[in-house]
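Every chain is named by a letter (A, B, C and D) in the order it is written, and numbering of its residues begins at 1.
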């Protein structure tokens, strides 16, 4: 018996292998050298491995390989989304270097890397099977990661995420089963057949499939887990989830929406998604208004931001995908930046520093940090000169171009509300009468600072040198 | 050099925010030098044109900078106001204030020299930030910062939308200051109102003005001077270079609506100014009234009215800045702005009283000062466009203006000396120099307004666009 | 595509799978014991599995069967993690009730 | 107006004209900037400037009266704003006359002020304002276009404002200044409006173009232009109903009242209408309107003048009444007569004011005639000055007033307005009454300054213009030599008596020859009443007026019972007269109260609750929805699962529906 897969197939997944192996190496090194270099070593290995993976993926740019019988398709699409995933991973790793207890740090890092493997898999997955595999790999690791802090809230977040996400996975899986029943193939390519338009199984399967996707994207009404989990999870993990999970899931959604739908059915089929994307923009932003915890607030913010990204995809145009990707990158950068500021300010596992109350008077005590935080919040709101501004205008342009004006209108309303919410934090930082409340704030570890600075530079640079890759169209075969 | 023009104040301002120490003379000195340097640069770069590519899709956008006819005078006004405002800074923490003022100047400079709609939109939102922070840190109530940012940001969002839609429709946003970019179509009304509402918020005009009295009252006087004098003109400038140039049919079609809004603003601001007890609020509401007149002028599209509008934009900037700075001196001396308490300043501060007098007279449109020429030419244009009833309302507002200006000015300057208020010395040389250029400019433009008047009638480009270096088609 | 399997129409299998799925969903919502919720979720997984196998048979495509095996494996891993998390959460609790877990809300 | 650009004068370069125009400005700036250094010299400097300006005016006589190809006078272009907006100076007989009075009488009043303002803490500032006023007034009369005229119009209003409110620590002065200014601005916008209409029609602001097109406007537009211009004239010249500021303006120092509120500024309306004679001549309706308002004003002023007690208010109402004559004259088309009355009035009214100033100065700022009496012996020079003025204003033959007043009255008849003719004659009688009343009460009888005010019926001394509460900045501590104040008055006596003789001789009079090129031939005097008859009838009415005044105040018995009589008259005065026909109250209720009420409505109700309220409600709604979202997020994982299930159900329903279709 010969293996059905060739050298080409394995070469295509080489980056995943490297990343997975890095996770193993981290554990191994930790086992051997733990007494000497508790955390720095694990982090260094993880950084090196991730950067190596990123380099390997970058090498695949411009190639076009359908590995594993079309289950894993390497192309510009997978490369670019993979890089975003790794960007998020690096950002999360950087936040891990913020001090606190060393307990289980190697395990955490390893799990994080493996979770990122799942996300990388999703970026390239083109069959329902690989998609399921990727989602589960991503999620299973995250269930653990969420609970890896010695806090009641962290454990609760893990439980909630576990129960709800598993349910959603089951729905997704059931949808996949129905899609399989409709087309007789696990390949997404098979769904693009015109015969599917009249197939009830296809419609029901797509519905369940999209519910699963919408849950991962935390779109309303499948969003309820997100604020709780982001608040409860350790800070680096929350950052990871906001960026990596979203990037990977959007990759899947884009592949499904752009390449796997029969012509003529796609707009009607995806209409519910656009609708809940629109609702998410409002609910997410409104939800921010009454929050007292930064991580929770950013969770709500994420709900709305995903809505923006989907608004770019509405109409499923080539340009839309480019701008969705651009906004995704921008969101990743500014979100990581905000988390980096929070990481500098919070120390230890209890993460009291993420309470908005503790930001009071920051403007006077730590002007640089306060300025950075303000910058990222304004970026999230879409004020210039941040890339959030350019991203929004591009999304508006696409929405105007494709005729989804109502999405554009909801985006405008949502953005206005969001500024209200972000301004509240800024207000807390700069209000003169809050100056006295400023508690003693730790200096913070260097890594989050570096991350913060890089994010800041990137957020500005992306405005003036927007990263708008062409040839991003996802393939299924 | 154009790039340097924008970057100089921004870099200087940012650096100032990051530095330490509160040496008032040092920072004031740097600020004045930077502001004057921008003035020199602007004059030197008046005919320059600089461009670099930005976006290729979904529409072409470039970093395209150049100084238009009207923009030039706005820049001169801006640099002058900034220099004076910086010089008038009187704070225990001057560093950040001067820094924010320079940032404000830089962002507004960027706005005025943008030749690309997207770049314009960028600066349009960006210039909110320094003011927001000043309000936040030094305003009288955080609520004012809220109100300011929410209203203006909402306007900015509409501008954003309109810009995006314009870009999609037209294929390029590199259109400011060049002819032949007028668009038409079923969508254009939406785009037009997107721009128009954004500009009306900024100006502000009824009913989008309620952020303004609080903001002006709350801001420290130097910043209030720059915001009231120049930032409020961003919307009007936008009307000139965007709404009028790119959507001439729409502005003609909706001129009635704009005229009605302008007329309501005109009267509304005037009667509200009559009964304010806060000196700065009088100026704020008067601003609503005066800028309403410019909105009307723009809506009529009459060349004479536009010429007058250009002059009045500059004149209003000058006397608003002078008044805010002057009232700042009063507040600093007497520790109150309440007209119920202030009186008799003139007895001990004749120079301050004189400065306030000239600024106030310019505001009420005294013949011979710049404000008068603007009003006269604008209303002449309004009559020429056939809106005689509007002109009647406009002249009524002139009478009301004399009433509220005198109420303000006499309330502060005249009357018996208020013995319950502290007696301070008259204007120092520095304070005098900070306000004198504005007053001299008012006098000069009142006699010889030719150059500025001309800029209004040529603001709408008719000549073909000069080819810009570095621009490639997608 | 075959229309029946072992004398039973495909539609009936589909119906059964659907019923199982919704029973599982109902259980996941209604029960307070996280273990029972997890069991309900497993039921949903298995409903999918059933559908996969039936469709694999119907389409004569063994990818569906492979998928089912994959799901079983993944479900096992998930169960392991789930039990660990449940134990950690309810280690010192008198009873196992998800309604008691609501530090995070709002 | 033969030349195509329709410039009125001979275009050229006239450095004297520019010097004449700018010299007072330079004086003003010098006095203002270096006041503290100049001290008393500021007064002399300003006076020298005024005399120099007068000399320059006389020196410009030749260019002002030159005539070339139909162009009359001198035109000096200045600046160009825009096409059609050219500013320049024009000196023709009309402006020459005004310039002479402004600088000539102005110079004398400057001289007088050095004495009157002696010791005032803001001595230099006063002269800066005075010189500034000269500059503004010269701008007004020398401009060759409506915008320049409007600039001057506004600036004289400003100068007037400054000078009325000169003692700015007096709340009453401040209020009076504001009132004067606001009403004057209302007049300014009238002129502004006329400019709009003219520019719309002619595309130019120049007088020449405007008048050349006089017959092309059409009746409606022409009437609108004339009415707009007249609003300006009425506000400036205190015509009913915009006259209420003038009595209040007497809060200013007395020389100011003499110069601005009697001799020059308040006659700007006369100038304006005379200047725009080509427009008025084309519009009978406008003539009727303006003539009527002039007549009404003359009568109203006279009636109110009869019941005043403040010496300056008596003179103020008399000024108002006399300007009514002038407006009536120029309004109906008797331009030469109206202008002539301005000319003579400038002298005798300035003299009256300066004379009253002598009294006020001597009595330490006492202005209430009830507290005077018997001053004939104490202030003999003032008595002579006042007497000459009174005789002149009453129109006693031979004195200046009689010539011009009779010319106006006769002019009204000549131009077909018999009613105005009658009004003019009746008013002349009333004028004689109140002027002699003032004369008798002030200079005859016994001095009543030591009597308690309440016995004289002065219920609120602080409001009655008495010196009791007027703090004039150490005004009394110094006294300048008497000749400083007496000399100008003495000089003014000469023209007060003789200036009218310029009119003597009908069509051959120097006056007519001077103005003939300007106004053209007067209307044919085809009327049943000759000039001599008019003079005699007027004289009869004047005699009656004087007689009544004598009987009431001048007889020996009346002098004896003066205190009792004055008290009775004061207390028993009709409210309608005491309140000056309620003009103030009506204007206040109509405009001031209304706009303040609107302002309160706007800023206390509309702005916070309606306009901003909408936004605030939206913000509150957003906050509320935030709380709602928060409350939905209960924390119960099963509740979240319910959301999930509901979502699934909705999705399933949607896709099932579309799948089946």
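In the analysis below, contacts are C-beta pairs under 8 Å (C-beta built on N, C-alpha and C of every residue); 3 or more make two chains touch, one makes a residue touch a chain.
Values in this document were obtained by computation on a predicted structure and should not be read as measured data.
Between A-C and A-D, more contacting C-beta pairs join the chains of A-C. Nearest to the overall CA centre, using the mean of each chain's CA atoms, is chain B. Farthest chain from subunit A (centres taken as the mean of C-alpha atoms): D. Annotation: 26 Å between the Cα-based centres of subunit A and subunit C.
Rounded to whole angstrom units, the spacing between the C-alpha centres of subunit A and subunit D is 78.
Taking the mean of the C-alpha atoms as each chain's centre, subunit B and subunit C sit 65 Å apart. Work out the mean CA point of subunit B and of subunit D, and you get 37 Å between them.
The set of subunit D residues touching two or more other chains comprises 619, 630, 633, 635, 637, 641, 648. Within subunit C, the positions touching two or more other chains are listed as 25, 28, 98, 101-106. Looking at subunit A, one finds that residues 159-160, 163, 167, 171, 227-228, 290-291, 420 touch two or more other chains. Inter-chain contacts, as defined above, occur between A-B, A-C, A-D, B-D, C-D. On subunit A, the positions that touch subunit B within their shared complex are 319, 322-323, 363, 367-368, 371, 378, 381-385, 389-390, 392-394, 396-398, 400-401, 408, 412, 415-416, 419-420, 423, 426-427, 430-432, 463-464, 466, 468.
Note for the complex: subunit D touches subunit B at residues 79-82, 85, 147, 150-155, 158, 165, 168-169, 171, 174, 177-178, 181-182, 185-186, 188-189, 192-193, 195-197, 199-200, 592, 595-596, 598-600, 602-603, 606-608, 611-612, 615, 619. The touching residues of subunit D, counted against subunit A in their complex, run 619, 622-623, 625-630, 632-633, 635, 637, 639-641, 643-644, 646-648, 650-652, 654-656, 658-660. Across the interface of their complex, subunit A is touched by residues 1, 14, 17, 21, 24-25, 28, 34, 37-38, 41, 44-45, 47-49, 51-52, 54-56, 58-59, 61, 63-64, 66-67, 70-71, 74, 77-78, 81-82, 84-86, 88-89, 98, 101-106 of subunit C. Of all the residues in subunit C, the ones that touch subunit D in their complex are 25, 28-30, 32, 98-99, 101-106.
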